[in-house]
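Take this structure first; my questions come after.
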């Protein structure tokens, strides 16, 4: 009799699609190796259609019709918020890889000890970059970061980044927090993302140009990536560090000459293969199984999602809920993201997985890891300049 | 008759004064506004043509634009054809697509009224978006051309030149469409068919051909719009989708059947948006201004319009 | 010129025209009379292809019209002045009239001359040439519809109750003009409730009731017939 | 007694004065005929009185109160009803339901009363296909529906704008009897027609409009001999 | 015979619906709840459509209702049920105010204006974060009835039944005659004594309030609001599709449409994880091509024509 895991992902979106494929890969590998507790694993996937009500109904179905033992899955915060009340109703062990919005954390509350959240929360990410940039400033003496400008898309994703940066800035002014050593001046401006019918960033870029930042970050979607650089070139705005923080990147960004030396925040890049055997194993197995390259970090996250859960079950040695929770809290899983995954509490919930994202840079069409320094695949190219 | 001429002149003068004032106050906003507004107009025109002139409601307007973008992308990606060159084949491909869509689908709901057209094209929109997702995934694609981000420097302003192609194309398309509607037999027939299809048949107009041609021309223009947008626009399944609403907004603002109004309205909205975006801290309100002006104009027109 | 044989027309399951046959020769004016709902308009719609007959033949100048699209029938030389007028309400009077000629091969080069002709019959239309058709009075719209029909230089003119809503003096004038036009060789097919005026210009007439011909005679005989006197010439 | 009165009524459309200073007195329980050339302003006059359009100038007094600025639906409730020159029944309703509408809102009846009065009116009008949807009716039926809806609002004054146009003589006679019977019930009726036989047969008094002005009025017999009327309107038969 | 059977069937159906939570599982119940919410939106949209006004404001009133409910709950401590009623009242008030401006508009001008108003609502809400949580939205700690499916189901069922009741009342009373006349010919309506603006405003307020309440309940069910999800145009487009697929201008059209499309989308997804939305789209296209008046409308039409033809043939 198989152990049933229920996954809810947006199959119509590349993130959900690849996360699902990676999950299937993990399940196949585990089953080929004899399963867990002597039982095979069965993965049941339902599309959430990026619609909150559908995502919630999917959980109900997995819980009552499919009778799964665990929930996994991820992506959109809006969908997840609608799932929270249902998840609370069943209180099954849930390992989630999406939903970065702190609202989800608030909704889940502190008591849900069966809930594991692997993706860093929005506020953790900003904090992590402070750590990263501080280390980079130390490692590269010519890099200077005092003035930071954040351009953020006006929806929840961008606005949440902005508010967390404001908090970090306030903390830095008081001499606290991860940015305290470097951040002196901070400014932000919003824009309408191309994915929501916007796509004209020039007013915002002119504001940024007038501010003359050392570090320019934009928090938007993959669709914004190319037009922002193109329009920055048009208004002749060349910050020394040009950073994009979308959840994914366009298909041919690397091929675009304007991408050279653009910095990105992310959790994973194919170049990690050079420094992490797990990453390489995952990459090769994924390409082998699906005949396509993993293009978003949700693919390795999906893989991690299953493995992490299964390791927990293995360690617990039974399907006892409390035992598994205890096990998941203590295991250390060497993930294809290049880091070891271990659980720590975050602001509200007890079981938070990854804390920080990585700092990477586009170089010759590849995403190279710059920070964490121990995972670095190459050196930072500084300052940023548009090619001719 | 004279009255409409007079009010047109008044609108035009007010419009030009508005542009001049903005130009002195915020020159960059004027540039960005004209460029954006030109794009709105260019995309709005084909919708105005099929909704305002022959009365077909197409909710999949923006999604056909998306389709155009993908086709342009294929030309670039597979055969390295510059989007401005693939404009010609794109016009004809979308023209052909328009013919097919009209002949097998739209034709059947012509008499059924706007609501059925609404639902039909909603279904079509859904099919297009989902098909694109399956073929190309949701990852954005794009086309790189060096000219698209070129600019000239004026004082401390760096002004992008490429996007002036939007208002230029909008004006060109508008002029050609007006000539077509006023000077060609087919164009005149289009207005007749829009007002009374049965009456049109009775004076010897082949209404079916008129619908087919107008619909296809509109699609051809969508293809042209897609090509000029392509160097500056990311291509993903929902690229064009938001333009459906904006185009409908423009048509309602200009008034059904008023093609010139699309250009004036488009640029007004573009400039108004650009002004708000240029005020630090208020960027997020630009949509309110867009829709606020839209609502104000529609209400004003309604109250000004004399009793029937 | 026009030959209809055993025509049957149905709306759904309800039959409106029963086994209808007539012949109209070139240059002839033929009237069609009958009570409301007899099927006159339906017959006209069948001729110009707006309704598809159930069975039967309609032949115009040796060409079958059945199954042909309306605009083709019109371009072949049949003009129609519909009972419901079918104008273009947001176009001016002049634009409406010009459209009457624009798509007809034989008429499109004679627009100006046709316009003048229409304006002599209905001077008010000339006065109102820039007014939108939708704002015309009922009678003025009728004039415009007739005018638009005449603009087509048809070989065969169908008028569905042309006098409806026209002032008495114009009715008289209209029928005089139709008489003159007829002399140029145009065939006319007319339905009319103003039978008295109608009879003045037609050569022959049919009376139909419930979709069937009940009478068929020359106009002189019809005028004399008791039945016509009683039912159609009373008021 | 004058039931409806207009004082110097003017309506301009752009440069055109469609109604141009009309002083009209309509007496209670009379049948008044209004004739005049096409475009003389007859329909416009009815539109002004029934409230579909508002006058450029002038007053309309009905039953002693000024109504020129009251909305149309109020005037209907006050007792002014009209038919339309181009029949406009409400699509999607049956003939019967069309008449119910008049009773419900014009006469402010409840649904049951309205159904009763509607079937009464159908009987009076001898409307047979009352359960048929509108698009399956003949012109005569439609005209009856038109009158029926107006009647159902229990008006004091009824304007009939070319209701006889397009009827054959049998049918016209039917209508004439109908209108006469309405007069007997105490209604004031204004008929607009281009069919002189009808005017002759029906009216107590005739008014002739031309270019928005009254050019002649009086008994039909006198008016139709007025040379102005003959040249502008009636024409001479050969 | 028919007269007595109909009420019995109705009562049986209602009883069955009420006791449904005891027979079916949480999943089906959840799907039904979503369908009932959409059914309410579809029906209320249709009510407005019956006056001839094609409203694109559904998502807007839905969203405002949702926000009104969440904000009164979290900031002013309203009981969730009270906050839902308040949301309905609040939206009705907004509709009243807006009605005076927009109900003079017709056709696409009305449609686009109501859509623009939806956008304005969402942008305003996004830009006043102090009250609304701004772009990031707002969550409440506890969902209504603490997530008890059955109770939530009964609440939503009541809303759907009330909407059906109102819709039927609209179809069986004077209002039916008024709004049908308005839709078909305003000039006739006016000169038949109908206060057009009055009726339009009345229907606008009622239908908007229902949409607001639907938004409030939906949001209480899940416990959060955000401009992106709460003002999603799905809440306009799907109800419209449902009403049109079922058949407009009738109660049962929207009911059937919501059930058919609601279950179809759920079922298609299960049998076809990828690309099911294409089939859904094709289904909509086919229905509109072959049943132009919708499932219910076309069937009803067939029956009526049949009856009339029989009558005429026998005449």
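Letters A, B, C, D and E name the chains as they come in the text, with residue numbers starting at 1 for each one.
Basically, a residue touches a chain if its C-beta (ideal position, glycine included) is under 8 Å from a C-beta of that chain, and two chains touch if they have at least 3 such contacts.
Here the structure is a predicted model, which is why all the values come from computation and not from measurement.
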item: Between subunit C and subunit E, the fewest steps along chains that touch one another; value: 1
item: Chain separated most widely from subunit E, comparing mean CA positions; value: C
item: Pair with more cross-chain C-beta pairs in contact, given B-E and D-E; value: B-E
item: Chain separated most widely from subunit D, comparing mean CA positions; value: A
item: Whole-Å gap between the CA centroids of subunit A and subunit D; value: 76
item: Cα-centroid distance, subunit D relative to subunit E, in whole angstrom; value: 43
item: For subunit C paired with subunit D, centre-to-centre distance based on mean C-alpha positions, whole Å; value: 29
item: Geometric centre distance via CA averages, subunit E-subunit A, whole Å; value: 37
item: Residue list for subunit C, restricted to those that touch at least two other chains; value: none
item: Multi-partner residues of subunit B (each touching 2 or more other chains); value: 130, 245, 284, 287
item: Junction residues of subunit A - those touching two or more other chains; value: 12, 154
item: Subunit C-touching residues of subunit E, taken from the complex the two chains share; value: 305, 309, 312-313
item: Footprint of subunit E on subunit D - complex, ascending; value: 50-52, 71-73, 76-77, 81-82, 84, 88-93, 97, 100-102, 104-108, 110-111, 131-133, 136, 149, 153
item: Subunit D partner contacts - residues on subunit C that touch it in the complex; value: 11, 33-37, 83, 124, 135-140, 142-143, 161, 164-173, 176, 193, 195, 230-235
item: List of subunit A residues in touch with subunit E within their complex; value: 11-12, 45-47, 49, 51-54, 56-57, 60-61, 63-65, 78, 81-82, 84-86, 88-89, 101-103, 106-107, 109, 154-156, 158-160, 163
item: Contact set on subunit B toward subunit E in their complex; value: 51, 57, 105, 108-109, 112, 114-116, 118-120, 122-127, 129-131, 134, 245, 248-249, 251-252, 256, 284-285, 287-288, 291-292, 294-295, 298-299, 301-303
